[in-house]
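Next come two complexes built around chain A: one with chain B, the other with chain C.
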Partner chain A sequence: MKIRKRYFVLALYLAIAMLPIYWMLNMSLRTNADIMANFALIPTQITFGNYINIFTDPSWYSGYINSIIYVVLNTVICLVTALPAAYAFSRYSFIGDKHVFFWLLTNRMAPAAVFLLPFFQLYSTFNLIDTHIAVALAHCLFNLPLTVWILEGFISGVPIEIDEMAFIDGYKFPRFFFFVFVPLIRSGIGVAAFFCFMFSWVELLFARTLTTTAAKPIAATMTRTVSASGLDWGLLAAAGILTIVPGALVIWFVRNYLAKGFALGRV
Partner chain B sequence: MKKWQDNRGWLFILPVFLIVAFSAVVPLMTVVNYSIQDIFGPGQRVFVGTEWFREVLTDERLHEALWRQLLFSGLVLLIEMPLGIAIALMMPDKKGFGASICLVVLALPLLIPWNVIGTIWIIFTRPDIGLMGATINTLGLTFDHTANGLHAWITLMLMEVWHWTPLVALLAYAGLQSIPPAYYQAAKIDGASSWAVFRYIQLPKMRGVLTIALLLRFMDSFLIYAEPFVLTGGGPGNTTTFLSIYLVKIAVGQFDLGPAGAFSLIYFLIVLLFCYLFYQALQNVGKGEQA
Partner chain C sequence: MGLTLKQINKIVEGEHHLADINLTLASGSRNVLLGRTLAGKTSLLRILAGLDRPTTGAIHENDRDITGISVRKRSVAMVYQQFINYPSFNVYKNIASPLLVAGQDKEEVNQRVMDTAKLLHLDPMLDRMPSELSGGQQQRVAIARALVKDADLLLLDEPLVNLDYKLREELLEELQAIFEKRDSVVVYTTTEPSEALKLGGNIIVMDEGKVLQTGTTSEVYRNPATVKTAELFSDPPINMLEGEIRSGRVMIGDQLDIERSGLFSSLDEGQYLFGIRPNHLYLNRQADGDARINSTVKISEINGSETFIHFEYGGCQMVLQEVGVDTRRIDSALTCYVNPEKFFVYSSQGDLLISPNGFSA
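Right, the complex of A and B next:
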């Protein structure tokens, strides 16, 4: 009986939490005229016109492609550079290791809003404005520390004796690292990739500032089109729903490691 | 854990160090530059020392924004931490389809771009077409977050709780999952009440993940920008003008780079100070538990 009550409350919370998203889904399946004229809990005249609109208009769907490109780039950069760093933080003690580790984390604490102008100037100097790599690099500012943090936790979960044993067996470091060690912590890599994806996907300020047209993210496309077209609620809702889809897919793939990844992060 | 003493560790962290330094140190120094100079145009700048800092520290509207921000972050932590822990305690213990569905549904709000979050809540709370706004108005109460400051705050808090409580819940859930079953068996033999189990087993074991949750929630709620910007734009009046929104108004709206630079350095230091205090306090609590 007690267990039933507990799940009932949980289900109630989740249902309420889904209401705003459901409402947007509801809007996205109706025409703007229908939305303004009728208040319907369940849409009666379902239309996919809003979605068709988005998928046939390059100024809309290129936003999605741009977002996905820089998010993937960011995830790759973070994983490739954070893996050796996390290994070093976990296995070696060297001058200044603790200070660097904490310094990395402080980068999450700076108000992004103010760094926009310096960022813009810096990236203009290197001719990186409006490229995918610029956004990917900018997002490294908050994603890299997090990736190092998560991976360090996973790596510390692997006994150091495994490394020593491998070196005694005559493994050279690169071979050991790529063929023995990386497979050992693959669930950690999955979790870290998920977090990179998530924070890069939801971030807007940097992405909007560093791009103009060629690498404009979908979230920025949304804000612009809204103001220009006099608020087409149906279209706006459809675009919003489409921004949820990639995240939902990614979370489904890492769901079993998710809890583990959080618990292993060290403080 | 024992570690190898070896300064070649630096070689491994060099790529990370360089990328973060490129993205962090150069802009930070630029901001420091702004904060002590008056900039008229390219090549035309005058050193002004601490003038901007003094101007910012005596800015009445900034003080108001700071108190507003502290109230907001305080409320966020007070609501989200207990609620997140409660949700984690209600989650299914065993792995299975039910737990997977719960996890995915729970985490969904975390994966929505921040301005889309604002859009969702605009649609949801509008009095004419929004489910929540229309329902409340049908009940005979007037609700309009664009005209009433209190309503704007309620809407923002609802949005913030809806958006970020899942993060606390996921972290707490991860902490709960890492408790060995032997602890619960021992508690059962001793006849411990469920409150005692929570207070003396679950809560201490969750300390690590809850520290991360508290720090992340504090940082992100203190730096909140996109969601209130989209939902209320800082209004009505100045009732939801938080520090970031005010800062962007100065930096981009009025293009006062000097005060904006000084402001952001102070802002950064406040966040850093609070995070350090939280971190130290929680470490000390941990020592008390172990002793």
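Right, the complex of A and C next:
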């Protein structure tokens, strides 16, 4: 009896939490006319028209492709630069190391809008507006400090004696780093990559400002569905569902380390 | 390979971790570094390995200065106090790692790994991961990796301290046999006098960053040159009593009043420190010349085959070590005996003047 009560509460919680997502799924499977005319918990006339529309219309699916390109670029840039930085912060002591390390995090304390105008100016000067790399670089502003902090936490969890032992054994640094050390913090790298992915994927302000057409992200496309005939509810809902999917897929791989990641790798 | 340390100092944030260390480690020698925690044993070991650089001073190998040479270019192997292995490699790869990095022939690597694994009884678990092993097995893997390399300098930093008693005894015996067969310089640190005595070889007694005494282990144990060394190199600690030689008598505390003869005849009148090892205090009279002490039992500890009785005499905490189990109760009366011929006599500055083992200043 006790167990049932517990499950009941859990089920109720899940139902409430999932309701908006279910409603979006519900709408994405109906036509606009149906959505406006009837209230239905379960769609009666299921149509995949909205999804087909997205997958066949270049102005829609290119949004997904653009988003994925700059998100992956951003994740790669962050990991490649943050790994050595985090290793240095964790293992070496140098003048100002603690201050620089903290300063990195303060980058996250200013609202992104503060950087919007300087970034736009800077990227225009370098002719980078409307390119994937522009958005990827802009997102480093808040993803890179986070990645450094997460990786530093995971790296500090590896005893320094392992590094020393490898050097005693005669390992050259690159071989040690890639074949001994990186495998030890692979869960940290996974979590850091996930956070980069997540923040870059949901970010709208920079992504919209720094792009016009060639690198326009899906989130920006979704804000421009208002037409003369009103809002296209079904299409918007389908686009929303498709936007959730990549995040849900990625989260599956790091589900066991997520809590540690939120604690920036520190337990 | 012989190592010479010249005037090594290590200062970290204004604190002396090592002060004026001068040592010679002969080729093929076994050296035990004995000292309490924070005595500077690990600091010295890290400098020997090349992991840290001394603040001042130099290390010479034969006649070559190797002070600044990176650890990667030295022929050195090290075992840490914590069980340090490569967590992502299995036991075989862990042991083979230094050989594979050196780019040795696969066949030969295999042969040497197998031999070393057999030596340390690791052959049934070569394809397991370190995390699946017990503490003792993990440390064996670490020791195997250090041994397989056949380095000129083998450093072991309290390798057995985190193991249980039985395993420690076993591994210590195996290590003795292994060290015997090698011609590398072995440096082994420990906090336990009994471990140092079992290992034999040479001993370096350290305290607060300084080397107190060096020599063969048995010689240093028989004639500890200073009060400090005697205290460090005795477990349970040696009993140190202040006393006086005056008008033909040796007076220590309120009960010991011994005729000045034998050992003491060469000493001038004055204040001295008298050291008595706990195993030279007896519950029963052993010889006619024995002196008697009356006191009360403060604590009585039994470790299975021996009993340690703590009591107070002459304002000092004393320990008596007796073979067998003795069930004396706390606060009961205690009478014990000591043979004055077994006294270590130190000057009031703490230097050894006379030892029961033939030393005489």
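In the analysis below, the second predicted complex is superposed on the first by the 248 of 267 C-alpha atoms of A that agree within 3 Å, B and C clash if a C-alpha of one lies under 4 Å from a C-alpha of the other, contacts with A are read in each partner's own complex, and residues count from 1 in each chain.
Following the convention adopted for this analysis, a residue touches a chain if its C-beta (ideal position, glycine included) is under 8 Å from a C-beta of that chain, and two chains touch if they have at least 3 such contacts.
Just so it is clear, the structure is predicted and the values come from calculations on it, not from any experiment.
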| item | value |
| --- | --- |
| Which superposed partner A:170 touches (first chain B, second chain C, both, neither) | second |
| Most chain A residues touched (candidates chain B, chain C) | B |
| Which of chain B and chain C A:148 touches, first, second, both or neither | first |
| Which of chain B and chain C A:104 touches, first, second, both or neither | first |
| Partner chain in contact with A:183 - chain B first, chain C second, else both or neither | second |
| Chain B versus chain C as contact partner of A:6, first or second or both or neither | first |
| Partner chain in contact with A:21 - chain B first, chain C second, else both or neither | first |
| Partner chain A, residues of chain B touching it in the complex | 1-13, 15-17, 19-20, 22-24, 26-28, 30-31, 87, 90-92, 95, 100, 102-116, 119-121, 123-124, 128-132, 134, 162, 166, 170-171, 173-175, 177-178, 208-209, 211-212, 219, 223, 225-226, 230, 243-244, 247-248, 251-252, 257, 260-261, 263-264, 267-268, 271-272, 275, 279 |
| For the chain A and chain C complex, residues of the former touching the latter | 159, 161-162, 164-172, 175, 180, 183-184 |
| Contact footprint of chain A on chain C as seen in their complex | 49, 51, 70-72, 76-78, 80, 82, 84, 86-88, 97-98, 101-102, 145, 149 |
| Residues of chain A that touch chain B when the two form their complex | 6-7, 9-10, 13-14, 17-21, 23-24, 27, 35-36, 39, 41, 77, 80-82, 84-85, 87-89, 91-95, 97, 100, 104, 106-119, 121-122, 137-138, 140-141, 144-145, 148, 156, 160, 198, 201-205, 218-219, 222-223, 226, 233, 236-237, 240, 243-244, 247-248, 250-252, 255-256, 258-263, 265-267 |
